Amino acid sequence: MKNKSTGSISALAIAAAGILPPAVATAEDYTKYGVVSDLPGTCNYAAIDAMDYSGETLNVITHAIPVIGEPTALHAEQFAELTGAEVNVVHVPFGDLFQRIMIPFQSGQNAYDVLFYASLWIGDFNRFLAPVPEAYTNSSGMSDVTDSFKGVATWNGQMIQYPMDGDRHYLKYRTDVFENPEMQAKFKDATGRDLTVPATWEEYNEVASVFSGFDWDDDGELNYGSAEVAKRDDLMFSAFISRAAPYAKHPDVGGGFFFDLETMEPMINTPGFVRGLELFVEAQKAFPPGGSSFGLGDEIFSFGGGQTLMSYSWDDAFIQAQQEDSRIRNAVGAAPLPGAKEVWNRETGQWDSFEEPNRAPYMTWGWSSAVSKESENQKMAFDFLCFFSNEANTFHDLQIGRFGVNPYRDSHFDSTFWQGLGWDADVADSYVTTLSEMEDSTNRVYDLRVPGVGQFMSSMANGVAEALAGQKSAQEALDGVAKEWSDIVDRIGADRLRDAYANVVRLEDNED
Amino acid sequence: MLKPKHFFLLPALLTLAAIILFPLIFTVRVSFSSWDVYQTGLDFIGGRNYARLFQDTRFWESLLRLSGMSFITVTLQYVLGFALALAVWKKMPGGRVFRVLFLVPMMTTPVVMSVIWRTVFHESLGPANDLLSMIGIGPVPWLSSATGAFISVVIVEVWQWTPFMFLLLLAGLVSLPREPYLAAAIDGASPTRTFWQVTFPLMAPISIGAIIIRLIEASKIMDTVNVMTSGGPGTATETPSYYIYIRGLRDFQVGYSAALSLAYLVLMIITLTIIAKLLMRFLVGKDD
Amino acid sequence: MLTLKNLSTADRKRPLFNLNADLENSKIYTILGRTGAGKTELLRTLMGLDDIAEGHLALDGQDLAKRPVRKRQMSMVYQQFINYPHFTVLKNVVFPLRRQGYSVEDAKERALAALSLVGLVGFEDRMPSELSGGQQQRVAIARAIVKKSRILLMDEPLANLDYKLREKLREEFPRLLAENGDGIILYSTTDPAEAMQLGHEMIVMHEGQILAKDAPEEIFEAPATVEVAKLISDPPVSIVDGKVAEGRIVLCETELPLPPDLVLPANGPVKVGIRPDALLVGGDTTARVVLAEFSGSDTIVHLSFDFGSAVMLIEGIHEFMPDQIISVSLDTSSLLLFSAEGKNITERRSNG
Amino acid sequence: MGRTYNIIKYLCLLAWATFVVFPFLWALSTSFKDANAVTSGARYIPWVEFEPSVQGWTSLFASGSQGINIVQPFFNSASVTLLASIVSLGLGTLAAYGLSRFSYKAGFVKNSDITFFFISQRIMPPIVLAIPFFLMLKEIQALDTIFGLVIVYVALLLPIAVWVMTDFFASIPKELDEMAMIDGCTPIGAFFRVVLPNSTAGLVVAGMFCLIFGWNDFFFAFILTFTETQLLPVAIVSLNSSVTPWWSLSAFALISVTPLALIAIVVERFMSRGSLAGAFR
């Protein structure tokens, strides 16, 4: 699969030429590494090839194979071959990654030099990370990273994470169904309105339920409305944030989304969140069988495999659907997450109505990388990260759905590149537009990047799961979460949390 | 003074003590600290963690759930294991093949097999629902409903550990003395009566041992739950050890999870001791 | 010489109390007692397998108490057939010799001799589990005597064998035991006949104590106490209450005919011991049959008299119905008299 | 009774056997699938229902990105399990023999309390020990090494060995070792020359349990290693990503359960000879 990139040379060249000085002719042939050609850049193959780290060892912890784990292993092997270093990689499932990194951190054990992890843990990890040296922040790759992903990597004004992936939640849907007159008529019959790409979560639920439980693609298997990540402890908290954000994030109200920054009072049980949860609960009836326990992988298989009409979360399901051997290639579209026409205003304590739905794009956490402060090989570690995300590697990785590497540089938001991979123009356009517009929003929601984020999110996921399972009502469940959050705040300390949370609010309130 | 008898016991005792004592004492100490993701190390916060534990309904509910789950799984394992052992006890064609097959599941890694089972129970892509739909049962919410998830975990536990019961009980059956059976045959006792009056009482001691060991191991169930359901949906399959795991390593509340662990340990030791005594009294009729 | 002086043990179930005995070389001592009398415990204590609580144990004047089992120069045959299951018959017998430092060839030669002695020629390469019970015990015996130890302990070696084998082995025993050289042999049994047949001296044990130690015929003729009397024959001597008055012995209503040589004790209550062969069918005393059983070629009849119950042994097989009333007579020539406290007070005039 | 009874019995046995084998067959079938075969619903028979692919198997032996190499973890697992089992079996057998033949006293502590101390280690939920073990191994610089894992596994396996062997020795007549001492062995000599050679059945069972619980541990292997000393169960979960490659996972699972499944044959052989008698009580 590595050598699948075909006909994209021109796209690559164009993409690369946009930001970089013309390519210097490279003496060596690096195509054996699976890249089409070495591209100019600070840490390109030629540059790394010139380094000699023989006799030294680099320990890397990363996610399980294939998402992020596979490109890590791939580039680690290349790096080892180029520099003579020994690179050991350990792959850890998401649920266990935090503790695998945190235990050595806390006990002062120098276990890993390079870490790949979820960017929202920055609140917990920042004390243990080495800042990215200037040589790398000025590298060709880094200067191309979008502002919002640079922001995500920054803590108290210092870049301590090395961006290597871009992440956001957005809506994916089946264009073949939405554009099918027969289906449009069917929808009109059922609801009395025209079939459009959902602009609010109420609409999303409605469309999903109409197209659930019958075989609308004639493949002999039943189809369903919506695939969502709903399994507790498996990233489900992010799905909930996506759903609740437009109801709870008022464009005119700053000072915190999850907490009131001043008082550090949790706002998780305010009406906006409750409404989001109620709609989440309601959406379950349009899930495929077992949909209530879908993890991300199930969601990807379900939408990417053509079982469901719509889905929202990271890029993976979309890329999966667009793989060369996919049955629904070029039958999918991307759109911003649905919004809300009623938004809770916590300053006035009222619902405000919006003519045009309020959108609150969730700049959800994604994969990021960093170098441990304890590492004795920081230069080599940063060289590895720089190499990992060099121009040639990045373009290679973007093309492979299971790698989980998604656009995070300005050069990636180029429709022609994606068309070069065999995507139809309108599919590529909808993808690129959706992604880049999120960068421009001023009503973005970020993760709760504070110490103990794991506790907050697992508490929230537990509450949401209880509501989804029908054990509690939405309000009861979130009241319980709010109570636990207050306890956690007490335990960790409100001041300490506020300092950290201010970093997040600054991003949300566009103060940078 | 060192006597020969110390040569036997001391190496193992000292080794185990050396390995286990520090962790145990350390855990006790940690349970009085607020060690968490931010505050590393051993401060002293008195009994706050223990006070919190008594308020923690999620912990107590998980304990209740565990008692239900272990009762059901261990009973099923015992009954099925006994039935299978009786069935292949006497020589029969193909008997040895069955014996080997029936032993295999306990040899497999729970974490690995749970991953496979999860694909089996996958509600739209797995074979469980596919096969059931052939006989018109359909789609069972294996992992997405509280009952379904509970049953799935029970099925996997029964699959994995019935062989354990089978092995112990079969080994017991093979070594039973012959005389009582002759006596029963002379009395003309029916097979059923022979079972209840001869086999079962003779098997009581080994049964108790097997049940207790299974209860001990079943109480630690974590890998299976973690892989198959992550304790969900809701908290429907959350067991104490998995809950402690969430608190300790997911949330990284090390201090609190130490308190939970110790409370759990004490409760388990008390409960298992009582169960052992009760089983002795009911099955053997003696109190020792 | 093995000396036991005030020897006591603290075993919880069956302690031994205050044992005293001197055991001489080249002699066979049989220990007679019921199951639970402490025979096994005594042998185990001598062997060093059980601890001594008080008193002394010495071999040839040297204290044994502190000496570990392996250095006591003793060997033992258990009631259960204990052999090494993982060794062949030959290796079983070679094993103790090798431990004592014999060379391989030497040990093998001696072991083969011992095996031929116990009649196991040709079985050298079998495993013990392939032998019958009697053969297994022969291996155990061979292993015990091959060492020529100072002391040979045999704990009811025939108890677990069937009747025929027991008889056969018992006949061979004097010859086998003679092989042990000038060692001391202790042989415990519940069978009085065996004890008397094999022993140069007999030690009678009851409830952890030694009741008597003497030549078998002495003990048989004049058991020192009621308890000893009850042990010296099978079926046992029956003990009934009676009294001596006016030159007669009266058992309830029945007056006993007195043998001429008996010296009558003073008036008062006595216990009368009736040997089983002293009761004969036919006579003027009536008795009710309680139970009749056969033992080998003899019939044992449990009888109920007005003065109590007694056991009769008659040769040959005779049918008796329970509750049948029969008439019997008592041969008083072997009568035993005991004081109320149980001491033997039988006295006979030497000629008369 | 008779015929119908036998037929019903065989049917039940077959039903259970099917249940036992089913996950393995499913894994075998899945290991030859690719993404399309997996996502198009349950399929069972290669060639008929889906086009087989061997990528699941080849990925396990490829180096680098295409998968994880199963070979190194396999040998790590084998060494850790074997070493820890041997140590545990050795120490545990000695201790069990001591506990079954001698009486120990220290204050109020008696034999039964010592036995309980051993067994009670199994009650401890592994999570209790995770962080202390980590700190302990860090102190002796044994994190991420085979040695460190062996230490921890000995603590896990020793109780099992003691449990099985104590029961086993209780079934060997005490007279056997007395006999050996009478015949001139020291207590230690009696154990090695006579008792041990007659303990094969007990050792087989205890060894089997040690291997099972050692080979199958996931938690400690996971917490106490970083990159150098990966064991099989840890390596397999590195495939447990959000997009799980069911095919590699299935192939991996089959490879990792095979060695121990073979033990079942050995155990059955011993059991058929009846020589496991006394290994459990």
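We just call them A, B, C and D in the order they show up, numbering each chain from 1.
Just so it is clear, contacts are C-beta pairs under 8 Å (C-beta built on N, C-alpha and C of every residue); 3 or more make two chains touch, one makes a residue touch a chain.
Worth saying up front: this structure is predicted, and the values here are computed from it rather than measured.
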item: Dominant interface by contact count, named by its two chains; value: B-D
item: Chain whose average C-alpha position is farthest from subunit C's own; value: A
item: Centroid distance [mean C-alpha coordinates] between subunit D and subunit B, Å; value: 15
item: Distance between chain centroids, defined by C-alpha means - subunit C, subunit D (Å); value: 55
item: Inter-chain centre distance, subunit A versus subunit B - centres from mean C-alpha coordinates, in Å; value: 39
item: Averaged-CA centre spacing for the pair subunit C and subunit A, given as whole angstrom; value: 93
item: Junction residues of subunit A, two or more chains touched; value: 96, 99, 103, 234, 301, 307
item: Junction residues of subunit C, two or more chains touched; value: none
item: Contacts with two or more other chains, residues of subunit D listed in rising order; value: 38-39, 41, 130-131, 135, 186, 237, 240, 244
item: Pairs of chains, among all present, that meet the touch criterion; value: A-B, A-D, B-D, C-D
item: Residue numbers on subunit A that touch subunit B, as the complex places them; value: 95-96, 98-99, 102-103, 106, 124, 231-234, 288-293, 298, 301-302, 307, 451-452, 454-455, 458, 462, 465-466, 468-471, 491-493, 496
item: Partner subunit A, residues of subunit D touching it in the complex; value: 35-36, 38-41, 63-68, 130-131, 134-135, 138, 143-144, 222-223, 225-228, 230, 237-245, 248
item: Subunit D partner contacts - residues on subunit B that touch it in the complex; value: 4-9, 11-13, 15-16, 19-20, 22-24, 26-27, 30, 80, 83-84, 87-88, 96, 98-113, 115-117, 119-120, 124-127, 129-131, 159, 167-168, 170-172, 174-175, 191, 205-206, 209-210, 213, 216-217, 219-220, 222-223, 227, 240-241, 244-245, 248-249, 254, 257-258, 261-262, 264-265, 268-269, 272
item: In the complex with subunit C, residue positions of subunit D that touch it; value: 173, 175-176, 178-186, 194, 197-198
item: Touching residues on subunit D, where the partner in the complex is subunit B; value: 1, 9, 12-13, 16-17, 19-23, 26-27, 30, 38-39, 41-42, 44, 91-92, 94-95, 97-99, 101-102, 104, 114, 117-133, 135-136, 151-152, 154-155, 158-159, 162-163, 167, 186-188, 191, 205, 212, 215-216, 218-219, 232-233, 236-237, 240, 244, 246, 249-250, 252-253, 256-257, 260-261, 263-265, 267-268, 271-272, 274, 276-281
